[in-house]
Amino acid sequence: MKNIGRHLGSGFLALVFLFFYLPILSVVVYSFNESVIASQWTHFSLKWYFKLLDDTEILDACRTSLELALATACSSVFIGAWIGYVLANYQRFRGSTLFAAMVNAPLVLPEVISGISLLLLFVSLEQTLGWPQGRGMATMWIGHTMLCVSYVAITVQARLSAMDKSLTEAARDLGAPPLRVFFDITLPLIAPSLVAGWVLSLTISLDDVIMSAFLSGPETTTLPLVLLSRMRLGLNPEINAIGTLIIAVVSFGVVINSYYMMKREQRQARYLRMAVLSNSSEGRLAHAPPA
Amino acid sequence: MATPRKPAADLALWRWLPSGKAWAIGLPFVFLLVFFMVPFLMVLKISFAESTMDVPPFTHLLALEHDKLAISLNFESYRTILEDDIYLAAYVSSVKVAFFTTLLCLLVGYPTALLIANARPALRNLLLMGIILPFWTSYLVRVYAWIGILKDQGLANRLLIYLGLSDTPFALMQNTFGLYVGMVYSYLPYMVLPMYAFLVKMDTSLPEAARDLGAKPWEVFLTITLPLSFPGISAGCLLVFIPSVGEYVIPELLGSSQDLMIGRVMWSDFFNSIAWPLASAATCVMVALLLLPMVWFQRVQNREPQTA
Amino acid sequence: MMTTPPHSTKIAPTAPVGDEGFLQIVEVSKKFGEVTVVDRLNLSVRRKEFFALLGSSGCGKSTLLRIMAGLETPSSGRVILDGQDITDLPAHRRPVNMMFQSYALFPHMNVSANVAYGLKREGVARLEREERVREALELVQMGAYAGHMPAQLSGGQQQRVALARSLVKSPKLLLLDEPMSALDKKIRQKTQFELGTILQKVGVTCVMVTHDQEEAMTMADRLAVMSEGAIVQMGTPENVYEAPSSRFAAEFIGSTNVFAGTLTEDGGSLLHCGELEQPLELGFAMANARQGHAVQVSIRPERIRLSFPEDDTTPPVHNSALGVVEQIGYMGSYTLYYLRLRSGRVVMVHVPREILVGFSQEPDYGDTLQLRWSVRSLVVLS
């Protein structure tokens, strides 16, 4: 009886994963399809990839997207970590509810709302202050940062809340002034979540459609916007090619990350074994333990 | 005993310390106010403006003329929204689609999260990675792939015909079916991940205690696991429902023109008709609509910060 | 160095006289919102003294310790160390170091770096710093582990490193926050011994917080029993144990049997107690008390002698009772007997093995025994 349950479970999971990966597989497979009509397989070909190399519109958009994403990732991590720090360490201050609301809202708010509101802000600013002049990289950067900041903030907040508070207290007790405590103790310990936040922001920015649509200018267009306009016009097999490239890069990143995590887990297991060994002899080893 | 290195300077710094905290909180607060709160106020303000052909395409609310300050609030946009069938239908339809999307994601996502959480640790990480990987790849490209699969000459139909289940292709996209496929596909990770994060942190001794007290596996699930996972379920549902209401890309690419979603209407108002006050008013109404779910989400978040 | 024999329960000999009031807590209070956690507390610790704050959770002892460390600011009152008012000094500027309950070793630094951290913040030159770190690690016998990461160490090892780290700056005051709570019971005794030795060698003034009264009794020169933010009784372990000032103190440290009685006559020395058939006889006359005055007395279990009534040639008149053995707790070196008196009251008696083997027959369940105690073993509780 239990076996049937387990098989049902596995079967269900398999279906879910099939659902998840069907489009991805289809993109990869058809990117190598010679035929223009993507759904009809003729024979293997790399022609769409070569076409990509000549497609200046896409290449320019790629570059813009990458620049924007890198800038966004850096600014989001900086501001987001700061916000996360405030959320974790200051529970009650004037306006803390509003503060928390402003951080949590972008996580769920439909992007059209964020997009319209920021655009109207920039338009009004342009009218009163003269800046920003039209929409472009600056406005998109701010918009993307606003999207990503919340994710970084709650990641950092979770990590900080889980951290042993006595570590910062010990540093203070040992003579470190507050800023030093942050740089010596807090920052190294939240580093993993900062990296995660950076990568997440990068992805969100690279993938973003709606905010970019509202805040982009005539000169600046991102990859998703180019793809979107082409998709509306009809089928464009180059899209499969670029999709496959993105999938390849992401998969590579995921594999590297998994490898790194596995190494870390192995090292921690090794440490644990050593600690247990020492414990059993009550820490009274007359000789140095094996490294 | 240690003597402080720069006593005078330290003393000066110490006097500033209360303000140090104020700076630490104040700067990000101001940042959020400027780029989050103020834009909302802008939207509110412009929703009361009149549409014009100028740049920018709306009128000013305040006019100082002959020593008289005139504030003109134009309710035209709101009236249009309340009276024009399209808007009402769009809101209702959006909520309906969001609701069913959430339901479908819940029905598929909860078992998925449960199964992954209960899997062997080694397998668990692999499965989790499997769910997250599509999330990192381009969203647009994946939606595009669905177009390829669902269209009349697409993979799905060709498979159905090949299997002899039908002679003519089914209309699988540019209609409600395609819309839901796309929506569920995009939002499923947002349902699975928070629920998984919650389930994995759950105390395993509780189901064990229930079994020890004589509960059968399905009873354990219904009386222990399910009720205890409500916070995770709420988080997941809200993370799917609220953004779905305003979704634009998927209805545009996979839905039909009958599937009115407020996101598309707003987009069209904004970019096609250049009716910014109207779009602003629609935004305000949408925010008002979503206020309660968002407050609920805030409550859930306060209990336990979930990682995205 | 130490001269007390190994089986002694006390570890630290009394601190040298002089340098009273090295650490002074003056009228310190701490409120969190509406709740008063520390209530106008006054305390004075001698130089090089080992002082313990003893109490159950929520009594305010940890808060008081944190106030001494500078991690909390008192709502009112002053903290004075070696003549200097440090109340307004932030934690990082005080000549005070703390050993945390969780050890708080920085996980991203190795043992050396952890111990050196405080010296670095002080601006100590590299050579001197390395030397002092080496010395500190030798002191706690962790010299071989200088390059290890905290995650590689066992609990006991981490504790030593934490100790080295808090001692290396030669603080004027060392604070210990429940130092043994994370250790297994077996290791605890040995660690208490070692810790006491090290601290004595270094000669630093210590304040320790604990809920374990055995630990406080073993390690402290003087201790204070705390409850609800105030000190209930303060003194040497012997003082507090033998002469508890209140029922709370009597019951918190060790075990005791408390009886309530009333004076039989004006200025007398006999108490009538409802639970006992014979009166309680005090070792002195309560000169200023009137007949009927209510008195509570404490009798420690180890001060009650048991005997079989048949064996008694002269049955006692006062300070005695008859009881039936209801529970027996065999503890190896001693046995605990719980006897139910005729009134229904249960009394605990502690009988060392040596005494027990002197009985013609070891008392068993259901046996009726004669309990008696001397006049000197009665402690009047106020």
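Order of writing sets the labels: A, B and C. Residues in every chain begin at 1.
Rule of thumb we're sticking to: a residue touches a chain if its C-beta (ideal position, glycine included) is under 8 Å from a C-beta of that chain, and two chains touch if they have at least 3 such contacts.
Note that the structure is predicted; figures quoted are calculated from it, not measured.
With A-B and A-C as the two chain pairs, more C-beta contacts join A-B. Comparing the CA-atom centres of all chains against that of chain B, the greatest distance is found for C.
Distance from each chain's C-alpha mean to the overall C-alpha mean is smallest for A. For the pair chain B and chain C, the distance between C-alpha centroids works out to 57 Å. Chain A and chain B have Cα centroids separated by 16 Å. Centroids of chain A and chain C (each the mean of its C-alpha atoms) stand 54 Å apart. Shared contact sites, meaning residues of chain B that touch two or more other chains, fall at 2, 10, 17.
Annotation for chain C: residues 90, 93, 122, 169 touch two or more other chains. Touching two or more other chains at once are residues 175, 177-178 of chain A. Against chain A, the residues of chain C that register as touching in their complex are 69-71, 90-93, 96-98, 100-102, 104, 106-108, 117-118, 121-122, 144-145, 149, 151-157, 160, 165-166, 169, 187, 190. By the touch rule above, chain A contacts chain B in their complex via residues 5, 9, 12-13, 16-17, 19-24, 26-27, 30, 37-40, 79, 82-83, 85-87, 90, 93, 95, 99-114, 116-118, 120-121, 123-124, 127, 142, 146, 151, 154-155, 157-158, 161, 175, 177-178, 200, 203, 206-207, 209-210, 213-214, 224, 227-228, 231-232, 235, 239-240, 242-243, 246-247, 250-251, 253-254, 258, 261.
Residue ranges on chain B touching chain A, taken from their complex, read 2, 10, 13, 17, 20-21, 24-25, 27-29, 31-33, 35-40, 42-43, 46, 56, 108, 111-112, 115-116, 125, 127, 129-134, 136-149, 151, 153-155, 158, 185, 188, 217, 238-239, 242-243, 245-249, 252-253, 263, 266-267, 270-271, 276, 279-280, 283, 286-287, 290, 293-294, 297-298, 301-302, 305-308. Listed in rising order, the residues of chain A touching chain C in the complex are 164, 166-167, 169-178, 180, 184-185, 188-189, 268, 271-272, 274-276, 278-279, 282-283, 285, 287-289.
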